[in-house]
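Both complexes below contain chain A, partnered by chain B and then by chain C.
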Partner chain A sequence: MVIIFITVILKAPTKVQAQTISLSIWPPLLETVIQPGKAVTQVFRLKNLGDDTVIHASLVPFEPGDAFGHIRLGSEPSEVSRFVTSASAYFSLQNADLDLPAIIPLKSGQTQEFVLKIKVPETAAEADHYFAFLFSADTQGLISASGTKTLGSIAANILLTVSQTGELHPTAKIEEFRPARSNLVGNLRGWTLSDSFLDSFSPINFILKLKNTSSVRLKAIGQIEVTNTFNRLVATLPLREDNVLAHSSRYLTSNPWNPLFPIGRYTAIATITPQNTTSQISQTIHFYVLPYQALLVIIIFLTMIIKIKHNRLK
Partner chain B sequence: MKKFIASLTIASLLAFTFPHQLTSANLTAVADTLSTSRLSFYGSLGVGHTAGVSLIKISTTGMPSTSTANLFTGDTVLIGDAYTASTYTVDNIYDTDEFTITSGLGSGDNDSGDLVIATRSATHTVTFTPASSIANGAFRILIPSGTNGNSDGIPNHDGFDYSTSVGVGATAPTGGGVTSWESATATASGGTGCTAGNHCFEARYNGTNNASGTFTFYINRLINPAPATGHTAGSADTYTVTIQHLGDRLSNYAVIDSTTVKIAVVESVRVTATVDPTITFTLAAVGVGSTACGATADVSSTATAVPFGTMALNTFKNLAQKLTVSTNAVGGYSVTAIENDQLGKDGGTTTFIADASGDGAMTHETQDDWHTATQNGFGYSLQNADAAAIVFQYSDTSGGSCTTGTFCAKRFAATADAETAQSLFSSTTVADAEDVYSCYRLSVGATQAAGDYENNITYTATATF
Partner chain C sequence: MTKLVIGLIGLIGLMTTPVFAVARMESDSYKLKFPNLNMTSGSKSSANYNILDTVGQTAPGEYASSGFYVKAGFPYIKTIIAFAFTISDLSIDFGTLTPSTFSSLTNTLTVSSGGAGGYAVTANEDHPLQLQNTATNIPDTTCDLGTCSETTAGVWTNTGKYGFGYNMSGDDVPAAFINSTYYKQFANKAGLETSQVVMQSSNVGKNRVATVTYKVNISPTQSAGDYDNSLMFLATPTY
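This part shows the complex of A and B:
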């Protein structure tokens, strides 16, 4: 009887607590231009794909974290300061039962809509404001003895431009435009080979960095056009229409150029027209494409033949 | 005798007056299957287009096609007048009378009334079973043609177009008991031996056909009609195809058997769906004994806790969690991490386990190897399963002060020290369940005061802007 009792105790399953934190947010990005005194409303839909949890919702300002479109939260929310942001005057929730900051239990599989109203005061100056609508899952877990409690957060970005007229006049300049280094160049350690010499057998990518020199965000619209030695257009590579925030830089993305055995001198022209403007900025570069890898193989082959013949003559 | 002659005469007259009916029959199991039953598009430009625009507005009156109902993204359209028309690609359907093209409208193609044409060519697969066995005969298919300009490559509103430039052709049936088949012929409406009103396709054979079995006749690349006069979107326009079994050459290929069948052409249904961009972030446990960052997990983690438990002095204890991000936002995502403070005794701040310095140079921004357990503290490393980009990994042999590739690590940035959350991994494009292991390592020294030490780490996933 005692043995059976002990066996039952050992086999009794322990309750598994909070095995997964998983949140999904829609939309991940909201871009809006708004007049002072006006308001807009946007629904954000948060789904809990993990275990039952408690959601803390708040607005946190952010700034560009790098030149790739990633954000750096201005003030990482702590337990105390999470809900104290400078945005409180602009943002409110239209949900009847929720106010910002919001704390709401969310069961596994449940979706919660947050109806966010953005109202800009009459006196607000024309400016850009960037916020993250941050949702943190405070899932209850068990820590026995020493350990770390981990929290999962997800954020939707809000790009808010306050403008009296809606007519934005962003300005920009191209900070960097060059072909990306080919693999071959990267592999030739210790050798200095200019970026302007590319290999015929590698896809050709371009590095294009745009600096927003104005105080309003812009969306970069444009393309890279490539012409060959005979000035014939051989490729048009559209740029992805990414946002470049005020006074920041961003690398723009285009598809790689995959020509069939290019050789010779090429010219690439990057042309960008910030959205809703007519001002066009462009930059031109020249580069050479040669079959380095093939030449290298041929040189090695010839060297070996010469060496073999030389040895035979001896 | 007179009576007999009179009777014979009457019988003969009656025989001539009421001749015996010919035994013509219908072919059976007849069908004409089109490879596409989409109507062709034949419209014209509305007013107000300038060279270079990509938003095209079509005229809503006076042409067979007066709405964008039968245009689709990716369609090739010919826009312009007869001399300068150029081909364009449909980028998107904007509304019922507007669509966008992928490039700007050419300077010669922007006049009001210029044609907008998208042809749909179809293969007709005509199948039938003959009703008769006929020696050295032929089969003929008649497909309705337009009244005017029915072989110019431009769709007609009242029949099929026989485009001479795209190589209309026919393929004769095979088998069927005949000795041999001659090459099938294709003749445009009004051509030699083909009466206007139908395009003619004929296959002659030698020998006698079986009056059973299925014969299949292929007709290639006829251009489907544009909407008929009075067409209602969604309602099919029907046309009658005739299949004939002909006698031999001596009978001048007279029609012996004949059957008609209806075919229908209609707008395709445009199915549209919008996939909303989302981002999903998941934190999951890693079990004891699992290997992550080149170290075996000493204790199971959960999604919410990294329970180191009771620590042995000057001994590493390793745990891990799995972080997963999915997003269909085109700009990608980024994941950052920050701790509230160092591991504090009973959650406090005064007595704490310091964040590690690795082998001497580790900070929250600079990674360093961490091999020596007597270098006490708390830190982390990363293992990239399939994320697009990661800031550093446990196996790095360069970057920061890492050289060995065994456990290259950092300490967490801390809110209490006014440090900024550090990026862990990211992508600049869509991501499908990209996984990274976050590996925690703790070592405590002999002078560490006894007690439970805790802190919080917050992982944040955000889409790019």
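This part shows the complex of A and C:
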């Protein structure tokens, strides 16, 4: 009886599941500064959380895709010629059974460690090299007639700087700095107002874009300080320590400012010191914070009352 | 009968007992919040370099050596969550297509960038839907007004307009997909078009989910047969 029961359970129909790709990678970012002639190794851990698959691992150069830290791979057809770099030869795998590019089966739930060695030759010139460690799963969907098979890939980014001294001297400038919400900017009786007008009842964000004017990447360290009408410091908003690649721009991120009913003229100062440097970059802006939306409602309300009273008097 | 009951209870017990493997490690004298032991970690420096990494390589931390320094992970993000990407269903099987009738299917993309600053997912197709072993295509849609492309979305509700396209909805999708009637073409790799972003964020996120709706419509004069192509979705963290 027990045997029959167990058999029934084991033979019970199981839910048919669609084929999936699910990959995770750690670390997502590797930053290294290395002298010519030296080598470093780093383990990348790839886990397959989907169906059994075969992984194709390769190093692909990239460049900034936009000003938000996204990348554009060199494998894009129109970009091939721009991305070809001899630095690909710096990379190899220390796994006994793998070479780059590597092809390896990965079962569901299995984790594979890729021991990546970066060896820079003695003769290598000082330069930045940006690569994506790309893992493509070749699990393909099955279609019975007309349809589309989807494939998936995941990547980790590698920022490699070749430097003789390890002392980097990045330079930068602030390209843009302003409040993110500028609801009321314009002319008032012929006067052009250069400052922004913001509402007292909304959180205030800042747009801050940094341009790296050097040939070496930098990490932006700094903050935005806000002072009120009486020159009293009312907020310090640390910037996220994002990388800005050589000769590129990036919008930097800070927490929003959530003051309790601010009103008046405010000053914001963005100060950035690229990591490992002493050179400080700063920019100052002024803006007004007023409860103008609430004032607008009150004005409309009062106008309506006056109009109603005026009509009654008639 | 008694044996049956005991057997059943045992079986149920085996099926329902939770497994505590490494999620909790504690006793009266110790408690480890993260069962991930690194050989060393923390800030280190020498006369020449400041280092931030972890020996053991499984978490952000520090290690030093003469002639280089390394940072693994995002030191300002206090997490060891890996960067993860999932496609729910790899088979977009339209079956037999009917002329002047929309066929739509969906799957989902899920991204966790808890250990990275942000992410982007890009997509392209190897070529338009193609009759197997021929050069006959179902063209990529240009939508109702003939204006949409791989970079521009447009409304596509007219069954008199033929082609293949996609819509995105959910977390972190491009603003161009104003609602479920807006479609784009996939970037055509064979046509040297650049892959297009289908999800992106500059912030840390966990289990960000977007739905891709694939839609195809053929003209009555379309050659009979099975049409197919391949789509590549690539998830990359920000730097």
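The definition used in the following text is that the second predicted complex is superposed on the first by the 265 of 314 C-alpha atoms of A that agree within 3 Å, B and C clash if a C-alpha of one lies under 4 Å from a C-alpha of the other, contacts with A are read in each partner's own complex, and residues count from 1 in each chain.
What we mean here is this: a contact is a pair of C-beta atoms (placed from the backbone, for glycine too) under 8 Å apart; a residue touches a chain by one contact, two chains touch by 3 or more.
Because the structure is a prediction, the values reported are computed rather than measured.
Chemist: Fit or clash for chain B plus chain C once both are placed on chain A?
Modeler: clash
Chemist: Taking the superposition on A as described, I'd like to know which of chain B and chain C A:E63 touches: first, second, both or neither.
Modeler: Neither partner.
Chemist: May I ask you to decide whether A:G147 touches chain B, chain C, both, or neither, giving the answer as first, second, both or neither?
Modeler: Touch status of A:G147: both partners.
Chemist: Which partner chains sit in contact with A:K38 here, chain B, chain C, both or neither? Use first/second/both/neither.
Modeler: In the superposition, A:K38 touches chain C alone.
Chemist: Tell me the contact category for A:G166 with respect to chain B and chain C: first, second, both or neither.
Modeler: second
Chemist: Which partner, once the models are overlaid, touches more of chain A's residues, chain C or chain B?
Modeler: With both complexes superposed on chain A, more residues of chain A are touched by C.
Chemist: With chain B in view, single out which of the stretches 5-13, 23-31, 41-49 or 221-229 of chain C clashes with it after superposition.
Modeler: 221-229
Chemist: Could you list which residues of chain A make contact with chain B in one structure and with chain C in the other?
Modeler: 18-29, 49-50, 65, 68-73, 76-79, 130, 132, 134, 139-157, 159, 240, 242-243, 245, 253
Chemist: Spell out the part of chain C that touches chain A in their complex, as residue ranges.
Modeler: 3-4, 7-8, 11, 48-50, 57-58, 60, 65-76, 80, 82-97, 105, 107, 110, 112-113, 115-120, 125, 129, 189, 192-195, 197, 200, 202-203, 214, 216, 226-239
Chemist: State the interface residues of chain A toward chain B in the complex, per the touch definition above.
Modeler: Counting only chain A, the residues touching chain B are 17-29, 49-51, 64-66, 68-73, 76-79, 130, 132, 134, 136, 139-157, 159, 240, 242-243, 245, 253.
Chemist: Mind listing the chain B positions that touch chain A in their complex?
Modeler: Chain B residues touching chain A: 276-285, 302-311, 321, 327, 329-332, 334, 336, 338-340, 343, 353, 378, 415, 420-421, 423, 426, 428-429, 440, 442, 452-465.
Chemist: Once bound in the complex, which stretches of chain A touch chain C?
Modeler: Answer in residue numbers: 1-2, 5-6, 9, 18-35, 37-40, 42-43, 45, 47, 49-50, 65, 68-73, 76-79, 130, 132, 134, 139-157, 159, 166, 240-243, 245, 251, 253, 276.
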